[in-house]
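Listed after this line are the structures, all set down as structure tokens.
Each of the two complexes below includes chain A, the first together with chain B, the second together with chain C.
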Partner chain A sequence: MSRNREAKRAAIVLVSPAMLLLFALNIFPVLYAVYISLHHWSLASPNPPRFAGLFNYQELWYDGRFSNSLGVSATFIALAVLIELALGFGLAFLFNRKLRGLETLRKLSLLPVMAMPLVVGLVWFYMLNQNFGVTNWVLSLFGIGAQPFLTDGTLAMLSVVLADVWQWTPFVMLVIFAALQSLPEYVFEAARMDGLTEREIFRRITLPLLRPAILVVLVIRAIDAFRMIELVFMMTKGGPGGSTEVLPWYIYTTGFLSLDLGYAAAMAVVMIVLVTLGAQVFVRKIADPGAA
Partner chain B sequence: MASMDTSTARLAPKAARAPGSLGTGDILRYALASIFVGFCLFPLYMVLSTSLKAEADIFAFPPAWSFRPIWDNFNDALFVFGGTGVMPFLLNSVIVTAASTAAAVGLGAMVAYGLTRFRIRGGSHLFFFILSTRFAPPVAFVVPLYLMVRQTGLMDTHLALILIYTSMNLSLVVWIIRGFFEAIPVEIEEAAEIDGYSRLQIFFKVALPLVKPGLITTAILSAIMSWNEFLIATVMTQNKAATLPVYLGGFSGSMGLEWGPYMAVGAIAVLPIMIFTLVLQKHLVRGLTFGAVR
Partner chain C sequence: MTRRTSAAPRGALTGILLAGSILAGSAASAEGPLEGRSIRILGIGDPVFQVMQKIHGQMEEMGGGSIQLDVRPFDVLHQQVLLNAQNDVSNYDIIAVDLPQFGEYMPYLTDFGPMIEASGYDGSDFHEVAWTGAQFGGRQLGIPLQPHPEILAYRKDVFEEYGLEPPTTHEALLHAAQVISEKSDDMSGVCWNAARGTALGQTFITVMGDFGAAPIDMEKQGDDFEMGDIKPENMHPTIDTEAGKATADYLLAMEEVSPPGILNMAWDERVRVYANGGCAMTYIWAGRSAIFEQDDQSPAKGNTAYLPHPSGPGAPPRSTLGGWYLAIPANIDPERKELAWEAIQWLSSPEMIELYTQHGNCVSPRRSVSQLENVQAACPVIPAVDRMAEAGELAGWQRPPVPEIQKIVDVLGAEMHQMLSGDKSAEDALESSQRLLDREMRKAGYY
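Take a look at the complex of A and B:
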């Protein structure tokens, strides 16, 4: 009996500090964000916050800048994640060979993954400079004139995507590579004994077995691409003309440059809802022990 | 490994060559892999090389591939650039990173153990709640957190960043360490119980030492996350507790001329992390996918 009591007390001692912290800094802020979003809450105004009902949300509905930022975010996520997945997938197969030196190359390619995103933005900002940037030098080798990478709307978006692709393709490659390495050998032996061609094996066995890993990395990358703000901060500041103004950038400038916290909170609530929907996929996948 | 060869044989159809010799497929493989690695390493090389260049070489076009390296930029970056140099900010980064990492690993290991080894009602819900915090976008939380930090008088303090980073890293720690705890045979702990250890003693003296590799992995990952974090830091700190990314970000927009010291700060921010990345690389997949892929 006392053994049981002791176990209960131990469990509470172990679990509650972290839970308190998560409650204070994770659950409460969500509720607080909803509360703030229901107010006219400006740090620039001398008046105290005033209840506004759904005013901020109505504003969002008619705000062209908000819908633009959603579209820009969607474009950024789609381009970055698709390119990272396509490259990462191909590269995983490329590295999946026992050849001398290939393992070292694979390890070296991982270096961008953990680099400070702000510095990633900084160095690509430098390399994409129209006048002395190395990318324009490379283009000049092919007889192509200097491109305004960061001052043309379409090119600016592609530039930010490029920096993101540079940082995260190795990660996607590594995840799919790890999944490839863990595939059971006997499945392939059986398939070959059944007379399947290599193409059929790839389509009907390798690919389906890789699906969980692909899904996991897809969701992680999509959600992380959605929160990306450092590259935009360093490379474009949302410009030119809002062409790289992703939702996080709009939230940040609304809250901390225009000081309109109520409106920023309304956008934050929308973002939390969108992310929660996306994260469901991941949580369900990971909840299934046979996921990967 | 043999299975891999069969699954990818279509990429290298000339599999029937003599063992040890390189087919054209292999050479192509090396070539593509090298191009990719070159692409991955080049920007890092640019950070380092630019930080060692004199101004004339920085603005040179075509780029100055061979140049006389100078250390002035690092001197400026550390002690001069922006009035104080990066030193005080570096110190803040170290304090915040160390404290939040220790707290996240400590608290995270406690939860992971509590939830794997004790029957707690709703325990699996708690696990998934903790997992879901991994996806919380900092930019959406920064508005309420900003007001909370202001109202508690924690603006521009280490403590504000330490608490927030700890909460941000908990999910990672809990999910990775959980896998390690589950791998310990229960018998070991049962034996300790028979020896008269209390449950908490078992945790600290028996279980924790057994998951040391997991603790190290998650500590390195948490530390890198805290070290790299920019948005929360730039909103919550101005100077007293401002970290390295805040210092770096502060010059963006007005940095037309100061590429050298700026890149030197970048090099200081990135190069130590590169070493840890290589150390970690075996655990990186498991760490970054929360054990969903190993």
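Take a look at the complex of A and C:
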């Protein structure tokens, strides 16, 4: 009995530093954001913050810009993550082949991941710029007129997606490539001996075995894409109109330009809730493949 | 052993010599307004502070002390000034303040009045509009360092070639831009800030000023508005008005004669496109003209003339005055206040203003510096701005110094971009801007 108690005490002592850190760095900021979101809190105002109850959350309901930014974020995540997954998948299979030169190419393909997103945004901004950009110059060589890559609603969204895909596809490729490398060879040999075709092997063996890796990369990329702000900051500032105004950009302009901390915190809390709920669905699927 | 004993006095001698040379050095470098002390400045990434960064070593030598210069982007500076104001003692001796921010920072700044009086400081060399721009409720809250207006730059040679008159009005500007866009293959009419957010929001309110109107209901004072005492009842937004509609229509008309990608164009990009010959006119913060005036490769160098913001029908020309002032935080350590004042007098002295112009900051708030031949040669915009100042064509009311100014700009920057993108009609954009700002003012408790 006393040994049990001692073990418990030891566990508490050993875990407590981690718990303290978790509370200080993760839980406290979230709780503080909730606290701020319940106040009229403007850094620009000389008046002290005052309690607002759920006012800021009610405002969100009527704020067209907020609902637009949620829609834009959803579109961006869907487009960027799906394209990255498809390309990453294809590249992983390509690099999994034992061909000469592919290993060097695989190493080189990882370079975009190492670049700072702000720099990536700036480079793409200049490449797609209608006045200085190299892209329109290249198009002109083929007799194609200048395209408004950053000033047409649809093209601007696709341009931001393109920059994100360029940077993060190698990451997806790397995760799936690592998973592919770890698949046991004997399973495939047995399947071939049983007379399964290559297509059947892919559908019935490779894909199910890769499922955890795919889900993990999906969660990581989806959360990351939901938080993406750098590309929008450098390339479009949320325009044209509000066609690339993702939620983090709207939160940033509200909190750090207009200095309306209460309202920005309310949006951030909603964002945290959405990310947590979304991530939970995937995490459950990873932990329990049979779960609905 | 012997070696060791002889090394000790040699080491001591070296130490004494070294200490002597350091003391001698610091005594020499102490000859200057800083007198061997250290000054802490919080600045902005605008030309004048960029010049200070460039010539930092030279300035420390001239000042006779060390200069800790923290240069921040606009929004980071804004947050840092407000957060610093909440400290018991300020972390900075001097802060940079943008003209429209005085309203917001008023409670957090030191009044220069008593210091000016005690030291007999003469502010009459500054342009009156620049000097009085930092006066609120009888208090002088800032000393001009880089105040400059947003004006219009145009290519004299191109206008002569097409037989066009200088674009002093909106109508003339649109006509000239139309002619040039049609006749020239690779040159558009006019470059301006149309990018979403702060850039377009500021364009809207400065153009609204061309119609003699301000974005909030301030009290008229002749052709201008009373800025020193803005009351809660003056905080009603005035966006959905005749002047607002005229502004929206003008922006839509300008969009037609602008270079490609105008909806993403802002700040220095408009100047660079103009500098490369991409457009015949550009709205420009005067100090930025160094980008082409000091570039031998630019076709705009020596071929540019400057005008105040072209005006709307029936309104006098008024260019928005903005730019940077030096101020002392109210929570400064009292023992450092005198040092801060000494440093500000030095940093804004005629010699230093002249030095900044020679390194790419084409702004002179001082008349005496504007008269210098070398200054006029490096920066032809300076005498042009001088003439505008003397003619009373510069004003700051277009961007009222109220805490909500950034919110006003942000809302207009988003709504008007929807209008220019074709997502909203002008009427809808004006109506929603008015409604959103009215909501903000109510939320802030003004009415």
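By our rule, the second predicted complex is superposed on the first by the 256 of 292 C-alpha atoms of A that agree within 3 Å, B and C clash if a C-alpha of one lies under 4 Å from a C-alpha of the other, contacts with A are read in each partner's own complex, and residues count from 1 in each chain.
The rule we apply is simple: a residue touches a chain if its C-beta (ideal position, glycine included) is under 8 Å from a C-beta of that chain, and two chains touch if they have at least 3 such contacts.
Everything numeric in this text was worked out from a predicted model, so none of it was measured.
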item	value
Touched partner set for A:Asn131, first chain B, second chain C, both or neither	both
Partner chain(s) touched by A:Phe256 [first = chain B, second = chain C, both, neither]	both
Contacts of A:Pro148 with chain B and chain C, given as first, second, both or neither	second
First, second, both or neither for A:Ala268, with chain B first and chain C second	first
Partner chain(s) touched by A:Val13 [first = chain B, second = chain C, both, neither]	first
Partner chain in contact with A:Val187 - chain B first, chain C second, else both or neither	first
When both partners are placed on the shared chain, which of chain B and chain C touches more of chain A	B
First (chain B), second (chain C), both or neither touched by A:Lys237	both
Partner chain(s) touched by A:Pro46 [first = chain B, second = chain C, both, neither]	second
Touching partner for A:Pro170 - first (chain B), second (chain C), both, neither	first
Set of chain A residues, in rising order, touched by both chain B and chain C	131-132, 237, 256
Chain C-facing residues of chain A, complex	40, 42-47, 65, 129-132, 146, 148, 150-151, 153, 236-243, 245, 253, 256-260
Residues of chain C touching chain A in the complex	75, 78-79, 82-83, 104, 107, 195-199, 259-265, 269, 272-273, 278, 403-404, 406-407, 410, 414, 417-418, 420-424, 443-445
Chain A - residues contacting chain B, complex	6-8, 10-11, 13-15, 17-19, 21-22, 24-26, 28-30, 32-33, 36, 91, 93-99, 101-102, 105-120, 122-124, 126-127, 131-132, 134, 136-137, 140, 166, 170-171, 174-175, 178-189, 192, 198-199, 201-202, 205-206, 212-213, 216-217, 220, 223, 226-227, 229-230, 233-234, 237, 247-248, 251-252, 255-256, 261, 264-265, 267-269, 271-272, 275-276, 278-279, 282-283, 285-287, 291-292
Of all residues in chain B, those that touch chain A in their complex	1-12, 26, 29-30, 32-34, 36-37, 39-41, 43-44, 46-47, 50, 58-63, 107-108, 110-111, 113-115, 118, 120, 126, 128-148, 163-164, 166-167, 170, 174, 198-200, 203, 224, 227-228, 230-231, 235, 245, 248-249, 252-253, 259, 262-263, 266, 269-270, 273-274, 276-278, 280-281, 284-285, 288-294
